[in-house]
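A, B, C, D and E are the chain letters, set down in written order, and residue numbers restart from 1 in every chain.
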Amino acid sequence: MPVAQQPTTLSNSDQLATKSKSQREMINIDNLSLIFPSKDGDVHALSDINLTIKSGDFVSFIGPSGCGKTTLLRVIADLERPTSGTLKVNGTDAEDARLNRLYGYVFQAPALLPWRNIEQNCALPMEISKQSKEHQSNQIDKYLKMVGLQDFHKKFPWQLSGGMQQRASIARALCLNPDLLLMDEPFGALDEITRDHMNMELLRIWSETQKTVVFVTHSIDEAVLLSTHIVVMSPRPGRIMKVIESPLPRLKTLALRDQPEFHALASEIRSALAHEHAID
Amino acid sequence: MPVAQQPTTLSNSDQLATKSKSQREMINIDNLSLIFPSKDGDVHALSDINLTIKSGDFVSFIGPSGCGKTTLLRVIADLERPTSGTLKVNGTDAEDARLNRLYGYVFQAPALLPWRNIEQNCALPMEISKQSKEHQSNQIDKYLKMVGLQDFHKKFPWQLSGGMQQRASIARALCLNPDLLLMDEPFGALDEITRDHMNMELLRIWSETQKTVVFVTHSIDEAVLLSTHIVVMSPRPGRIMKVIESPLPRLKTLALRDQPEFHALASEIRSALAHEHAID
Amino acid sequence: MPNTFKNFIYTALILLQLFLVSSSDIGFYQSNPLLILLLIVSLYSMAKLLAKLTTIENQYTIVKPIIPSLFAFMLVLTWESIIKGYAVSPVLMPAPSNIFDAFINNIPMLWADFKQTYLKAVLAGYVIGCFSGFIVAQWAVKSKLLRDGLIPLGNFMSAIPIVGIAPIMVMWFGFDWQSKAAVIVIMTFFPMFINTLTGLQSTDALHKDLMHTYAAKKSQIFFKNQLPHALPFIFNALKLNSALALIGAIVAEFFGTPIVGMGFRISTEVGRMNMDLVWATIVVAGIAGSLSYGALALLERSLLFWHPSYRGGRSS
Amino acid sequence: AEKMTLQLKWVTQAQFAGYYAALENGFYKDEGIDLTIKPGGPDIAPAQVLAGGGADVIVDWLPSALATREKGLPLVNIAQVYEKSGMMLTCLKSSEIKTSDDFKGKTLGVWFFGNEYPFLSWMSKLNYPTTGGEDGVTVLKQGFNVDPIFQGQADCVSTMTYNEYGQIMDGGLTPEELVLFKYEDEGVATLEDGLYVLEEDLADDKKVESYAKFLKASLKGWKWAAENPKEAAMIVLEYDDTGAQTEHHQTRMMTEVAKLLGKGEGLGYLDPNAYQRTVDILLGSDSAPVITKEPVGAYSHVVFEKYKEL
Amino acid sequence: MKQKIVSFVGLLTIIIAIWYLAALIMNGNQLIHNLERKNQDWTYSQIISQAYEVKRPMLPAPHQVAAELSKSIFERSITSKRSLIYHAQITLNSTLLGFIFGAMLGILIAIGIVHNKTLESSFMPWVIASQTIPILAIAPMIVVVLGAVNITGLIPKAIISMYLSFFPVTIAMVKGLRSSDRLHEELMHTYSASAKDVFWKLRWYSAQPYLFASLKVAIAAALVGAIVAELPTGAQGGLGARLLSGSYYGQTEQIWSALIVAALLGSILVWLVGLAEKVLLRRRGELTNA
């Protein structure tokens, strides 16, 4: 309990510093709060958030349901305005970053347009940023294959299973090849094996293209397997409880899961979360 | 590959026989197939499904995304008509079972009515089956508390996070106290700790009330932790690859996860699934 | 099969009523009030037959248009029976058979009326009205300023009764079809405007967020997200307007026209007590309106194949 | 008192002042009749109301009554209130129309709704096709008013001496700018406002008696109105529910109407010669025949004679 | 709110300016036409000074209409036949009655169509065809037929009103009652809810937005219907009768002021329906969900 409530133990930006000093600051959040006004009492969705994410980092948000993970991601994406505090994305404010098409966002729900088939849905962001038709179809072929939907180019969203829809929406975001990827529980509806596969593919893409990834997940294993930093959040009001820097190598393999370092990190996260739940 | 294609290795009903001979047959599926017609090629969602589920069983469906788990559950719930084959639920056909309000269904998405607050949403099925107001409010209090939403009675669905909505929809199904629970990835959007809690609660309710539960999940651990039987499915066309009867005790605890039996069963499932994926 | 037998009885009863109507003397209900029972029984039979037909509707698509036709047939038969049976004066209400005769005997005249009213006034007014309503709505959705001004004004204008506008338009645009087209433009503009605006604003919150993350330009948001979402609303307006336009043209012709046109025909022939011709013209209007409505509904169905109200599949 | 309903041909105005005056002055009550007057309007066909049972007596014009009779509704004229026709075609001098020979190629405004028969007969007599073109006349269905002549949409418009002509004056045109063609002068005058009932009702002596009483009170009202045009106009104004009529216009209308009424004892008497003249004119038009054969029994003097006996 | 008023007033100013200009051009042309017919000379300044004072203007200027409006609204007692308020109230009565009939009929037909396949396939096409029948053509017939059975005054007018107003309600309600989320329908299916439950707990709610949108259209249509119904019966009061007599006597100011009162009345009615909608949606808790 004292941990969550003493401001001193709140992570500060220094904790996120990584080995490579060449990294730019990609996201800088300073004293940010967000309140949803509501008739029967305001909801403090985010409170006093301080966080710095460097470019090339893979940062996961983890925390109990309703703790504000989605809200924080939405603030970064300029989909929600903070009530107070400042936020810089790639040195500019969130709106400019969005206008510069800096990031790709994968929503918690698939958000596919029902009048477009899967291929056309994936083409949408590229059409909007005016990429060539040829490039579009190359990207679509590549990423639909990657997510295992190569046979579903012409199907409409309502003809796919929940997990397939989610994979299509991931392919759509990847097609755009943005510097910053914001992903809200992208693999929540996938089975373990597909999920492992997608995790590995995401890691590969991330390291090959030097992207920054901000990732919301409920799976401790997934957080450990993917992240360079893990941000543990606590609810009511939503705040950052702990920021853990991963001691594991940047590029991990599935085999790592059997290593003791992996389990050590996972337990650290688990106990941080359990502590939080205990308070509840 | 030969496993999936040789009909002889398909699970047959005998494999589901349990120790207690007193159990009735709750669900009996015989040679069932379902094809979604579509302009660009029909989709064989289910093919030659044979399965018997006895009353009191806790059966999990597990399999790669798109393999037909949801479709099979929907067929049992009389939400989808099979193209061929027969299906008996509690000795009657699926429609009669539905009309007798035999089962409660938890959808993959929360499906809350936006014009009702959480409490009213939970009351809906009880209103429909004409239960007393008093009973309604008792049930609602009990189950909303169980899913950790005791402070959210009067909130509307859009004021809740994704995971909270899903918990509300689980509470709604439980309030009805049906003999048969059909659950489609009910805990998909929950963090591990909430999930563990919910798992234990579900197990408790199941064993106390002698329900039959048919459960779709992506988590092998969850399947092992909960089920008496695990049905492993494979996609395109969707078929049952293997039915595994759990050697673990019916009433499990979280501590069981550290036992070797647990891991043995998990690996068995994992290898069945991996085998399936290798084919892909 | 008892069912076939029942159906046979039903059909026979209806045919009996048909025979009664076509062979008896005028005023048969007055001379023999009991005959009215036959009408009631045959109405009941038709209801039964229709119910039966709907159950097989899904198997045989040809059945589909038969059902409303049979319904109409029964309506016409009842109408004919009552007019003939009670010897209702043709000055008050003509029998369907008289209307049919009038229709057949006056095809060139009815065609000329149709050309004047439908092919000139209605088409021109409808196209201009719907198109401009759409264009203005599409501006308004971009500019809050325009919207705040136009919506109350639009509500105000749509409350103006056509019957009041028509004489003014005749005064301004002359007696010929142009004034009718002007009335139709005014009538059809606001339904289109309001519907398009509502439709363009009705986009799914999640899809709106999605376009927002793409930093899509207004025109891109418009064509790729808002317009598809608005299509059901736009079709609503198109269908509503197709009925409104015809009414508008006909009403406007009451206030001055050259001596041709469907509205002219109706108002003049009422005065001349040619009720059969009046109804023949009404039938033409009904057919024209229903056909255009039906054509729009078909187009809607094919364009909105993805909409939950037309497609199968699950929610997405 | 006996209930009775009279359906007028047009809206409440001094054209029907006699009935309103009789009602207001209690003449109907004196005869034991409880009369309801239903005003007409642009889309009310009085004959329809009569056929539907909504009225006992209607005011109509003879040509339209004869046409209706041929359609199978046996209307019978029981009294003729207007002796002379008030119809005119009013043309602009500037449109270079001086005589009826100049109509060729011109645009003429005409009332339809059964009021077009005299015009069609006239054109037929003058040998003008009414379908437009070089040699014919272009006909417009004139709306509710005389706007077409003000806005240059028509060269001539139809007017009644007692009504629309006054409106043209009010609108700012002077008699010097106009050329008038009175149907009376052109020899195509047909009988206008008369009282009509259903033929079958005349077989009933009691009904004939009631009609006679009604006629007595009505004619008394007309005589009073003709003598007191100002007061009659005020009564009309009072009965006008729209509140749109003006005193000036109604007084003028009453004065003009008085000129068309039958004289002295002849008021209400249908002159068989005038009747025959109307029939001949209607039969004479060959292009669009209004009536195809000589009507039989279209008028009856029984009510008028009974009234004389009262 | 403030900005809303500003933009509305701004637009109104522009419209009035255009109106003045149009009046100048239209009436001026008419003046020139008349003067030329009389072979009189004219100058532009003369035309401009007289354009707003013509006796039978093609388009009366806003101040002329305003003068007529204030004369017939404020200077007469509301029981006077010359008061527009008096006539508006006559029209309002039949509008409201017709609207209530129409809305109920529309909802009932929609419920029937949604629940009964036979009704849908046999009846629906005729509901649509009914609206292609020109109301003005059958209005007199309704008046005559009902008059024959001694139903006069309010009822025939309300019936004509109803005829116009039930249609939008039917169409929208059929759509609305079917617009419920597929997932929610399946949910009710799993509860094996009765048709009544599905209606009252699901369809009725998903239809509400459609219902209110269509009620706004319907109440405006009911007003048009009431006014149309006042035409054939010409002389019995009401805004329709005012329009007609204004037209009959070439009193354009009278037409315009009746039109404006009609439109105002319509706007108020539509606004009231909108108010009811807001209250209801607030009860549903949806309004904050912007």
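Note that in this section a contact is a pair of C-beta atoms (placed from the backbone, for glycine too) under 8 Å apart; a residue touches a chain by one contact, two chains touch by 3 or more.
From a predicted model like this one, the values you see are computed outputs, not experimental measurements.
By the document's definition of touch, common neighbours of subunit A and subunit E comprise B, C.
The fewest steps needed to get from subunit A to subunit D, moving only between touching chains, is 2. The greatest centre-to-centre distance from subunit A, using averaged C-alpha positions, is reached by D. Of the two chain pairs examined here, C-D and D-E, the one linked by more C-beta pairs in contact is D-E. Per-chain CA centroids place subunit B at a distance of 49 Å from subunit C. Mean C-alpha position of subunit B lies 85 Å from that of subunit D. Taking each chain's centre as the mean of its C-alpha atoms, subunit C lies 19 Å from subunit E.
One finds 55 Å separating the Cα centroids of subunit B and subunit E. Shared interface positions of subunit B, i.e. residues touching 2 or more other chains, are given as 109. In subunit E, 58, 136, 140-141, 144-145, 181, 183, 231, 247 are the positions where the chain touches two or more neighbouring chains simultaneously. Annotation for subunit C: residues 92, 167, 171, 254-255, 267, 270, 308, 314-315 touch two or more other chains. Looking at the complex, you find that subunit E touches subunit D at residues 30, 33-34, 37-38, 55-56, 58, 80-83, 86-87, 136, 139-141, 143-145, 147-149, 231-237, 241-242, 244-251, 254. Those residues of subunit A lying in contact with subunit B across their complex are 36, 38, 40, 43, 62-66, 70, 108-109, 148, 154-155, 159-164, 167, 185, 188-195, 197, 218-220, 270, 273-274, 277, 280. Within the complex, the subunit C residues that touch subunit E are 47, 50-51, 53-55, 57, 64, 67-68, 70-72, 75, 92-93, 144-146, 148-150, 152-153, 155-165, 167-168, 171-172, 191, 198, 236, 239-240, 243, 246-247, 250-251, 254-255, 262-263, 266-267, 270, 278, 281-282, 285-286, 288-290, 293-294, 308-309, 314-315.
Per the touch definition, subunit C reaches subunit A in the complex via residues 204, 206-207, 209-217, 220, 224-225, 228, 306-308, 311-316.
Across the complex, subunit B is touched by residues 181, 183-184, 186-194, 197, 201-202, 205, 284-286, 289 of subunit E.
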